[in-house]
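For clarity, chains are labelled A, B, C, D and E in written order, and residue numbers in each chain start from 1.
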Amino acid sequence: MSSQGFWLIFLLPVISFVLISVLVKPLTRRDSPVAGYITIMAITGSVILSIWTLAEVLGAPNHEIHVPDIIWVTIGDFTIKTGIIMDALTAVMVVVVSVVSLMVQIYSLGYMEHFVHHDGDTYTRYYAWMSLFTASMLGLIIADNLLLMFVFWEMVGLCSYLLIGYWFHRPSAANAAKKAFIVTRFGDFGFLAAILVLYTNTGTFDTAQLSDMAATGLLTGGILTWAAIGIFSGAMGKSAQFPLHVWLPDAMEGPTPVSALIHSATMVSAGVFLVARIFPIFAHSIEAVTLVATIGGFTAIFAASMGLVMNDIKRVLAYSTISQLGYMMLALGAAGIVLNHEGHVTVEAAKAAVAIGIFHLFTHAFFKSLLFLGAGSVNHATGTFDMRLMGGLRKAMPWTYITFLMGALSLAGIWPLAGFWSKDEILITALDGNTLLFILAMITVFMTAFYMFRVIFMTFHGEYRGGESEEYRHPHESSKVMVLPLVFLAVLAVGVGWWSLGGNFAEFMGEHHPHAAGFFDIFASSPWPIISLLLALAGIGLAYLMYGSKRISAEKIGARFKMLYNALINKYWFDELYENIIVKKALLGGIFAGFQEVDANGVDSVVNGVAEGTFGSGNIIRRLQTGQLQLYGLFIGLGAAVIAIVLFIVS
Amino acid sequence: MALDFAFWLLAIVSVAAALAVVLLRDVFRAALALVLCFIMVAGLYVTLSADFLAAVQILVYVGAISILLILGIMLTRDVQRGSLSNKLRFPALLVALLFIGTTIFAVFNTPWGVSAGAPVEPTTATLAGRLFGENGYILTVEIAAVLLLAAIIGAIVLVREK
Amino acid sequence: MNLDLLAPEISLAATAVAVILLDLFAQRKGLLAIVSVIGLAVSAGFTIAMYGDPSRTIFNNTLAVDNFALFFKLLFLGIAALVILSSVDYVSKFTRFRGEYHALLVLSALGMMLMATATELITIYVSLELASISLYVLAGFLKDPKSSESSMKYLLLGATASAVLLYGMALVFGTTGTTQLGEIAQQVQTLGVQGVIDNPALILGIVLLIAGFGFKIAAVPFQMWVPDVYEGAPTPITAYLSVGSKAAGFAVILRIFSTAFGLPNWLSLDWGIVFAVLAAIGMTVGNVSALPQTNIKRMFGYSSIAQAGYLMVGLAAMGVASVGETIGQSTILFFLLSYAVANLGAFIAIIAITNKIDSDLIQDFSGMFKRSPLLALALTVCLVSLIGMPPAAGFMAKFYIFSGAVQNELLWLVIIAVLNSVISAFYYLRVVKVMWLGEPASAEKVPSSGALRVALTLTSLGVLALFIFADPIIKAAESAAKMFGS
Amino acid sequence: MSVGLEHYLVLSAVLFAIGLYGALSKRNTIAILLCIEIMLNAVNIALVAFSRYVAPEMLTGHVFAIFIMAVAAAEAAVGLAIIMAIYRRKGTVDPTDIDSMKR
Amino acid sequence: MDSGWLLAIILLPVAGTILIAFIPGLSERLIRYIAALFTLVSLILAVIVFAGFDQSIGGIQYELKASWIQAINANFHLGVDGLSLPLVLLTAFLGFIVVLISWKIHERVREYFAWLLLLEASILGVFCSLDLLLFFIFWEIEVIPMYFLISIWGTGRREYSSIKYVLYTLFGSAFMLAGILSLYFTTEPHSLSMVDIANRSGVIVQSIMPAAVIFWLLIIGFAVKLPVFPLHTWLPDAHTDAPTAGSVMLAGALIKMGGYGMIRICVSILPNVAQDFAPLLLALAVISVLYGAAVTLRQTDLKRMIAYSSVSHMGFVLLGVFALGEVSLTGAGLQMVSHGLLTGLLFAMAGLTMHNVEERDLRKLGGLARQMPVIAIVFSIAGLGSLGLPLTSGFAAEFITFTGAFSSTIVEGVEAYTLLAAVGVVLAAGYILWMLQRTFYGPVLEQYNGVKDADKLEKVYMFAFVVLILLVGICPFILTDVIQLGVSPIASLIGG
């Protein structure tokens, strides 16, 4: 297989999309699941190719395989190429994306069945878009230049838009979709600007070349910093970093598998991936990496705090996602700060430095998608996402419970599950980077454990509180096709962390530091892992006291800290600020309305005024035309006299 | 000297007659004043050694046009409200004064190429030559004839009932 | 004596007499129009036969037979023929005087032809009066109150303007001692620049000439008779007035000003600027006043004031142009031709329509596309031409006349003129709008006679042809104007 | 100062102005015709004076004047005819009343 | 040998007009078929010309030159280069499509199709003319058919809008005429040939007028058409009140004449002046983009919204043109084609929606995606293209324009203008998505149950549009290679 064969990873889902929209839709019945099968087959192909890619990359020198570019557009000296890059980062990402996607697609067969049979949905539209998304996401990952990345970046945004608004007849879904698109586009503006800046100053879009230029000092100073900040603004939008985080919780309006795939595991982490992809540029700007770390660290605790009080299970998970993405950004930023302090930054060093953040991305993808799919399973049984209507599902849905618990433990960072390993490395890096951020991160560990087990206790423990309606009186376990992916993902959520043991993952990414080797060695090297583990356990314990045994009244605490509680439950009023104050009042109602006024009553009325003025002067002039012939004669005489006098005066 | 005196007399009387035409309320009397004015102009022609023209003036203006106009006045007599002035009196006066002003300015600032040559006298034969001669205005005379034809047709068409 | 050079005029005079005589005997009055048109055609035949011959003067330099005169003669003959054709329906309503109607039309055409030919002030004056007196009568031909009023206003103001003109001629005669244009030119040139500046009587004379002829061509501020007279006169006569008498006025102005007052340059610059200012005011006043009009004939009255303004742009260019340049003259010739065709076409359609609906109000043209699609289409084409939009003669005419002005650094005037065209689009298109968008008042078709259809077809095709085949016509105009060049 | 060209020209201008004033201000159309005749006479005086003083041997001014007289007669005839026609229909010869067409 | 092609492309619709207008007794059906046939053949010829354009030599090809009016040295001179060729193709395509769009017109069919075809011919003529007089004539001829199309078959305040359109256009072209005349007399020997004048570019032989004055006279005419703030207010009215086909033609092909004229005449004939005034025009571009987008966001009428969005999108063209770089000019050219397709489709879909639902107020629409899924999908594709989504022509064009403008070294401070203009893309997302949501999403409304979705014919032209949008989006080189041939000689004139 020639190296151009890597395109297939991306092309298989594209083919699936085209097949579904061109052939399946017109040729099959509305409730036919053929579309699902096609998608699953295509993505299975992608998974196999991804794993093969991983193997190839593992075996390649420098863990990098060069694939020749294809020239796309040429205008004079201006050339746009399309090409792919296969390195460690890509390999990890394609595996994550294709595997999670495959699980989600399988799960969706079961999940969507309900809607197909009850609400008149179709598999075709759903799977067409899912295929398109997977294709775009894979394209984004393998692209070797910023322009192509931007193209797929926008495409995943589109798919996100379409899938959030999948139930477009619900106004909330339609609004959420629009909000997601516009908020991310706001960030993308910075991305686009950065591309323009970089292209203008370097003449290339190629990430590898740009990285080299940054490393060799060809690209420095303000341009570099501004480009990095621009790119980061794109990443902030996609990865829902403060202050562009507002769209992600609302995005939960989409079908749950969509949330699992797009809004937890893959697309939202694209921001992190993007920063990692051209990390050398960031690493050369202390301002940029500090910004990344700060935004990341702040977002982590900021989002976690809102997760503490939400009653909608998916929203809790959504805030958790934002928080974890913040962690990843923190990891990248902190690593960058460390690197920057060390002085000369090579491309290799920069590439290696992203290992910690990317590893968390890797583990997070599995356990967070698992959690979402679990939430979807719960939703199937209860008809709702409101945890206040759940409880005691442990008995009715044992498989869901067990897998969800695994996910939660992993997320909480409990040894020896995957989340523990990735999170711990971040904490250590943060300590190296900035003490304040480290403290925030530690607090976040506690919060994370607390809100996850709040979910566990409210959902699976205690007595069942009845679900959404009478129909859901007797909850039951979901079908096999849904449970199977849960189990598979649970296994991954437990085990993938072990890749990092002994620095294997870091080495794969290009780092060559010695690492603690075994399961227990980590506790020996420093006190912080044990402290963070204790913090997490404390969070679980508090959650148990408040929601498990109910020895502490949640209401009372809520009442005592009323201000704080209101701030949290209202999401710090950010939606209010954005939608009502900035968009509706300031822009639409203010400036834009002003423009509209100017247009209607200014510019256009000048035009109409000129017309009316002309007309009016016509009416005035014709008054002279009195029908009195002697007046006409007077004008003849007067005219001649005036002309003569003027000429006399002139000459 | 006699010529000067004649000029002043004729000029004053003709201006007075013209003013009478303009100022008299009775149109009939105005018409009579106009006849007087025409006669004075004929006199002026004589002072300018235009004897034939003076005769034509008497014949055409005094003899024909005046009679025609008086006839018209007679025919429209029953609506005689006099010949008042309209609202445009003052603007009209202004225009008239402007006209006099500019003309006088022009007249007195122009170096007239006054010829020393003596006037042709009597003018009849020379005029005949100019009008009907080989190098004269014979064609213009013909055009004038056609013009009179058109006027006659027109007058007939206009005055006769449908 | 070269009487054969006068063949067009003589045949025309004969035609007039023949028509009157025929009226006495003929029972079929339709014959009158046919005879008149034949007479015009014969005259045109003589004219064409002379075309291209070198310039000659006859009758002691009172008449010039040159391409310029011949161009205008053909123009007047064409105009008169079209007016006669378009009058056929109109005249058939008359019980009497149909012979006189045609005779007067022919006589006024004769007057106009002589105006274009004459090179001597007295002859010019008499010819002008021949044309005018015939038109005074024709304007009052209907003898209803409006028609008579229009005739009276036309006559009294025309006579006043004539008096002013005569005073101007007298002053010019007084300062130069001659009435021959060529001799006047020599005298003025020997005066030189300083001589002219020191000769206010001459300048006053020229101003009074501008006033007198300005009346004829409807130049501001001598134009105020136009809307009233146009509204009251019989519609074919309005058409005739709007193109014939205006073209004759321009013919005389062109000849007098380019022959007699072309040099010294200071003088031509002087009157050139006067015409430029009058043009700017004229077109603005005309167009702006036309906007609120509801009577189509009155609207065309104002519009013809505006068109005179555009034409005067050519006069201005002619005055400003350097010695020997004749682009101003040739652009005016071409514009006059295009304007004549388009305006006549429009009037012919209007005659047909108003004959049926018995109203001159624009709103009564409503839905004409249903009652007579071809009339509506032809009128639309002519209106488009009058706006000055392609693919019609008016566009070429404007393009050409404005190009002459731009060449002579009158860009400001051209900008005023093109903006005026925009204003004019509004009222012309209102007629179009009413015809094509409005609902017809009745489903009855609008009939038209064969003669009228012929005239209409000729004009509307002419409007298009003058656009597409502008080249030979412009060349003809240039060759006609060239005689003023050296 | 002996009488010369300027005297005749001033007289002509005065007469012309009087005629013009009358033509613009009289409320009787026939009176207007009268005034126009005064104007034409004024022109004739100027023409004849020019003929006498500027080009005494050609008599062009005389010729011009004769033509003006002829045209004036024709114009007066047609003018009267029109006035008669209006008078028959409207019963007035006042030009201020004859304004059915305006604006 | 190949000189007759362009003439045929232009004359076919004219012939169609004449046939339709003057053959008596044609049935409505037959008229439609005649119109479709003549425009289709014209389109096919345009495709052949496009395919036959020799990209290895560039320059002007398919030239046809015949002397017309010798007195003013005017020629009947046709020809296409890389700049005009895509626009010819676009116009021919839209010309055919609008006939299909108009299939359901039943009022005064004969006149309707006659005007429609004449409109197409005149726009084609503008893009093919190489003589200034001819260019101007075609430019003016277009006004009349459009006037009738809006005023007879339009909706709303159609009489106001149509006359406003005419007067605005004439206002602009009045200045343009003065500019053309001045240009004519500044050349020696006087010439109206765009090619000749451009070849001698910058050499003002006889300085009757300062070049700057000529430049502004010309640019006013083009700015009205493009449209550029503050000369844009005709556009929302005309687009809104025109019949669907009229809106498609207007937005799709007609306003491109403005951008084309700016490049073809202003920039290539007076490059130095263009450079002098580029900052001012760039500022106007930014204002047009942002102001247009802002006002778009305030609209509640479906078509009016799309109309205002055109103001914003054509601002990108102005940006690309007066950034004066080779890439930015190419981008501007591509943006014109792209906008033609996208907005053409948007108007077609809006028209269809309005026709089927009989409602155009966005506040009263909603939930139509269930009732008319095909229209919803195609409308969405057009909308997404319009907001610059990758893989659609909108992205390719906007991106190339931005990159070209940003990296252009000709004009000082062009980066800031470009970035400001790029904010328009964010706003575009706002209004497009809002429009789609208000129209198609949300609860299904009872009163629209049973409204028709697209029928077969409509699906055909939708498909054609979508294919082209994606084709240009994915393979922009098809057009950019050609456009670049046209603009690179122009770009090389500018001292950068």
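Assume contacts are C-beta pairs under 8 Å (C-beta built on N, C-alpha and C of every residue); 3 or more make two chains touch, one makes a residue touch a chain.
All figures in this text were calculated on a predicted structure; none of them were measured in a lab.
Shared contact partners of chain D and chain E, listed by label: A, C. Ranked by distance of CA centroids from chain A, the top chain is B. Measuring from the average of all protein CA coordinates, the nearest chain centre is that of E.
If you average the Cα atoms of chain B and of chain D, the two centres end up 6 Å apart. Averaged Cα coordinates give chain C a centre that lies 26 Å from the centre of chain D. Centre to centre, using the average C-alpha position, chain A and chain B are separated by 102 Å. We define each chain's centre as the mean of its Cα atoms; on that basis chain C and chain E are separated by 42 Å. Multi-chain contact residues, meaning those touching two or more other chains, occur in chain D at positions 9, 16, 19-20, 23-25, 32-33, 49, 54-55, 58, 60, 63, 67, 71, 74-75, 78, 82-83, 85, 95-96, 98-102. Counting partners per residue, chain C has 122, 126, 129, 133, 136-137, 140, 143, 151-153, 156, 160, 171, 174, 177, 200, 203-204, 227-228, 426 as the residues that reach two or more other chains.
Those residues of chain A in touch with two or more other chains are numbered 611, 622, 625, 627-631, 633-634, 637-638, 644, 648. Which chains touch which is summed up as A-B, A-C, A-D, A-E, B-C, B-D, C-D, C-E. Every residue of chain C that touches chain B in the complex is listed here, in rising order: 6, 13, 16, 20, 59-60, 62-63, 95-97, 100, 103-104, 107-108, 110-111, 114, 120, 122-123, 126-127, 129-130, 133-134, 136-137, 140-141, 143, 151, 171, 174-175, 177, 198-204.
Here chain C touches chain E in the complex through residues 330, 369, 384, 387, 389-391, 395-396, 399-400, 402-403, 406-407, 409, 411, 414-415, 418-419, 421-422, 425-426, 429, 433, 436-437, 470-471, 474-475, 478, going by the rule given at the top. Partner chain A is touched in their complex by these residues of chain D: 20, 23-25, 32, 95-96, 98-103.
Across the complex, chain B is touched by residues 2-11, 13-22, 24-28, 30-31, 33-35, 37-38, 41, 44-45, 48-49, 51-60, 62-63, 65-67, 69-78, 80-85, 87, 91-96 of chain D. Taken in their complex, chain D has these residues touching chain C: 9, 16, 19-20, 23, 29, 32-33, 36, 39-40, 42-43, 46-47, 49-50, 54-55, 58, 60-61, 63-64, 67-68, 71, 74-75, 78-79, 82-83, 85-86, 89-90, 95, 98-102.
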